[in-house]
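These are the structures, in structure tokens.
Two complexes are shown next, each including subunit A; its partner changes from subunit B in the first to subunit C in the second.
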Partner chain A sequence: MSVYQHRRFSYDYEVDICLVIDRTGSMRPILDTVKNNAVNLHRDIKTRMELKGKTVSALRVRVIAFGDYAADGPEAIVGSDFMTLPEQTENLEACVDGIRAEGGGDIPEDGLEALAFAIRSKWNRGPGKRRHIICLFTDAPAHDLGFGEQAEGYPLSAPKTYEELSAMWGFAQYPGEMDTYAKRLLLFAPDEGWWQRIRTEWENCILRPAARDTGLQDVSYAEMLDTIANSI
Partner chain B sequence: MDSLLDRFDFDLRVTWSPDPDRAEDAGCCDLSRAEGHLLAVFDGCGGLGAKRYERLGGRSGAAIASHTAAETTMRWFDAFDPTQISSYMLSEGLRNSLAHALRHVLVTSGETSELFGSMVRSLPTTGSIAIVLPGRDRDCHLMTAQAGDSRVYLLTPEAGLQQITRDELRGNPDALENLQASAPLSNVIQAENDFTLTVRSGDVSTPFALLCATDGVFGCFRSPMGFEVTLLRLIRDSHDLAGFTASLQSMLSEHSGDDSTLIGSFYGWGSYPALQRLTRGRLREMEALCDGMDTDEAVRHVWEQYRVNYFWKEETP
Partner chain C sequence: MSELGMIYAYWQLTPFTTQGSGTAQWCQGERDGNLYFIKEFLSPTLPPEGADMNQPMNQARRDACIRFYKHMRRLYGTLQSVNNGCLICPDGDEELFVHDGHYCAVSPFITPDIPPESICTLTPWERIVLARTLVLSLSAVHDAGIVHSDIKLDNLMVTRNVTGACNLKLIDFDSGFFTDDPPLSPETLHGDFAYLAPETLMFMVEEPVPLTAKLDVFALGLVLHQMWCGAFPAYPTPDFRCVGEAILENAPVTLDASLPESLADIIVQMLAVDPNARPTLAEVYQQLETVMAELDGTSLAPSSQEGSEAMPYEEPYQEAYEDQVQEQVPVAPAPRIPRRKDRSGWVIGIAAAVLILSALVISLLILKG
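Right, the complex of A and B next:
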């Protein structure tokens, strides 16, 4: 056996991306951005990575759409399985096409419950170099965990406190539920409340501030791609 | 205390980049002084530092950071009598100089980050810095300062290649594990947030060599053992220092996929043939240890034996 890695081995990544999208009324602009570009996602991420001298040997994407249990009931958070790209690009398109920007009730949403749902995704645990990226889009602050717990369909498995959610993500002395080396959290969210606390306290996190109630209309597809590629 | 130049034999410097126009590594060394020598490598962080700075020639933050850090370290070293440099001066004085220089560049650029969070860093670069001072008799005194995952190695006839600096990575994967995991850096030289320089020091007897390497060099091997075996084989199979340097260059261009910088200086060997002669026994030991290392499981098994003496233990009387 050669003492060397395969030439590209060091820079080949198996990437899982979980897109967590606030699907309440104001979010139409970013939903449209995702919908309009889903068909090119694989090609564009691959190209971005190649420019950085890295390659993506496998790419899977899943989508979670979230709102507010108190206002939207059991369908407040729904998620797909991981879809392998480019083979299942049509499934991804159908999945994001099916998300309607509606509902939500008051201004904050159940973004922390959605984040917990994303952390518990069935991430690739294969032997290669892995990246597990949660990419969350919202233009609203998050409710406290359990805000909607009296509502029908509120998940019994949801963390009860912020500390419990943080432990799921993990920190230096406690690895949590995700792969310590692979995990990344990219927040496109208002820099306030729980989102601000998470970006301050959690490892491997980037927050791109978003103005409230604007549907992230100033976030371009190119910026999304760059943020994802730079985190890999 | 006599001159360090009496012990110094030769040095080498090898760099390679898959895209020389975008290279993010920088190195510096000053081996000309009798009182002390400096060797250092810096690897600008391409992901964290991918942002381009228009007012600074459109270069990436990673490239700006590594070159600024190299120049600053060189100037800092020049300003002192090396024999007066202490661990404290490295951990505090050099750290402050690097932080100040990078902040100055950032202010000059007029750019501010639109991103926040633990992964966001302005002008980030690793740094692995070594200072060699003359010690008692024919010994030398070493000091290293570390931020990130570039490395300083010590090569001796008896112990072979030992890693002096410790990788600063989230989750603390070991040197074999991280070839697969590619963990995020837990500490990195940067312009805006705090960082540390971890200092180690100790005495070492000649003959020895110091090697400073960015991860493009050791990251192209399947294991830390593979790196040592390859170095020793290239020493054995080259006719002279120029041939050894050319072989290293050719190895990196063939096997590395990342910017790669290796700077080395050799002390007390006497000549290149003596270096070959004195490392021959260690190569035989390593080849015996690695014999049959054909599977990932076998690599892990050999690593468990090899790692016992892989890290340099400070030796200060």
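Right, the complex of A and C next:
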């Protein structure tokens, strides 16, 4: 008798998305885009995935807002827990609504520390098919790691060097702290400095170039959604 | 990356997009006036220049790159060695290169004259001829030891030549693997969920089943059905999310009633749950011959008028098919179609000679006079 019969399997995707958002003064446009569409996020991702013949069985989203430790102090990077959608959609709205586009000090921000914070999220480690997506939005280059280490509240657990951060991300033959096959990094950021280096050197990373200081006003919700859906 | 600058020797014409690809991003490029499809793989990436190669992480990255490059060179090289013009894949040393730390592959950019979803609107004769071309092309790929692993309607590019005849190209071999080097884990197997064979679905949930070229035969069965009627076979939804899953669980799967019986027969066999029960591509090809023979003499076959120069689609197809058979897989002998001789050159030559002679005679008469 053939072994190819009567089996019930699950091919659903369990998706975790970590939205890492530069919350400094110029970022009002993209913050508004995320705020205005948070309520539809679950429905829109599900619909796009269904068009691709894939099913999202579980969707969780967390938000990390970041600025500059040297200018903003201990509140430079704040993050929520993962929220399950659609059940906790209101929490997500409130969370995004609570982000004020302000502060930041000089032009570069502590984006690398925020990225490390995102990598160390409590990702779903269940047995099903998984996607762990970090989606980072900024219109500024990143400070070197440790730029704000003298500031109050700077995290002691932050990686000390870019190489250490790269090892946290990991590579197919040298796994880091995330699931090698599940992870995706989507950068909406200026194609310069550390962002450019990450785009060039890290696996499973896509950078959509953004102009400096524009608040990513040229990034539409549809583009954001397509980039996320294509990465699943 | 300087947006829309140069990528190796190609001008980047469009921004990168990840549309339709989970493991790469792609853009359109141009070189020497020709359009190209440039695909940048998201993994692996090269260690940066000057990196300390004694570090285990950098060694691992370098080894991964070497493995990837060797695999892709072998894949593209083997495909080109059996390419009769119906396979669109990178060719030559300049079409697999590193750009900004990522491997890029370049192949000719084809814009289909007939979108994949409109193939079903072609005449029955055209559809079956295109199906035969597809079977021949895939047969050559399999004979070379390669499983395409992403056979789907969207990977067929159908164009029309100047005579109006349709040509079919098979694209996107990057999910392909060699039968002597199959994927070892689900994460390294790619393909469109809607076309996955039962054994592929089992493999994806880590059941120990072998993956062979028969998974392409299953997907091809679905494609032949779509080429004929524009839809997948009917299966119970939403209980099942693809045909393969329904078949795996012995749920009813029904072919479209418009399919000729002989075509339906072979598709049923191609969709067998057990890969070993599926027919070979040679058998599929033979059955398509039967379908054509059945069309012949019915209203679905091209009439003698349709075969004329006004609607030249029978003869060009058969000529194209004949060339393919001679160049690659001799699955079945092709009918010999006599070519018309073009005599227009002779007429022009004779006319020119008469004019020159007349001019000489007149000149001589004038000189004598």
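Definition applied: the second predicted complex is superposed on the first by the 220 of 232 C-alpha atoms of A that agree within 3 Å, B and C clash if a C-alpha of one lies under 4 Å from a C-alpha of the other, contacts with A are read in each partner's own complex, and residues count from 1 in each chain.
Definition applied: a contact is a pair of C-beta atoms (placed from the backbone, for glycine too) under 8 Å apart; a residue touches a chain by one contact, two chains touch by 3 or more.
As the structure is a computational prediction, the values presented were derived from the model and not from experiment.
> Touching A:R199 in the superposition: subunit B (first), subunit C (second), both, neither?
both
> Which holds for A:G53: it touches subunit B only (first), subunit C only (second), both, or neither?
The answer is both, since A:G53 touches subunit B and subunit C.
> On the A-aligned overlay, A:N230 touches which partner chain: subunit B = first, subunit C = second, or both, or neither?
both
> Classify the contacts of A:D191 with the two partner chains as first (subunit B alone), second (subunit C alone), both, or neither.
In the superposition, A:D191 contacts both subunit B and subunit C.
> Once the shared chain is lined up, is A:Y174 touching subunit B (first), subunit C (second), both, or neither of them?
second
> Could you list which residues of subunit A make contact with subunit B in one structure and with subunit C in the other?
Correct list for subunit A: 2-5, 7-8, 10-11, 52-53, 129, 172, 180-181, 191, 199-200, 202-207, 209, 226-227, 230-232.
> Please name which positions on subunit B make contact with subunit A in the complex.
18-19, 46-48, 50, 114-120, 170-171, 173, 179-184, 186, 219-223, 225-227, 229-230, 254-258, 290, 293-295
> So in the complex, which bits of subunit C are touching subunit A?
1, 3, 16, 18-22, 25, 42-48, 56-57, 60-61, 63-64, 100-102, 187, 192-194, 198-199, 201-202, 204-205, 207, 209, 241-242, 245, 248-250, 273-275, 277
> In their shared complex, at which residues does subunit A touch subunit C?
It comes out as residues 2-11, 52-55, 129, 166-167, 171-174, 180-181, 191, 196-197, 199-207, 209, 226-227, 230-232.
> What does subunit A use to touch subunit B in their complex?
Against subunit B, the touching part of subunit A is residues 1-5, 7-8, 10-11, 52-53, 127-129, 172, 175, 180-182, 184, 187, 191, 199-200, 202-209, 226-227, 229-232.
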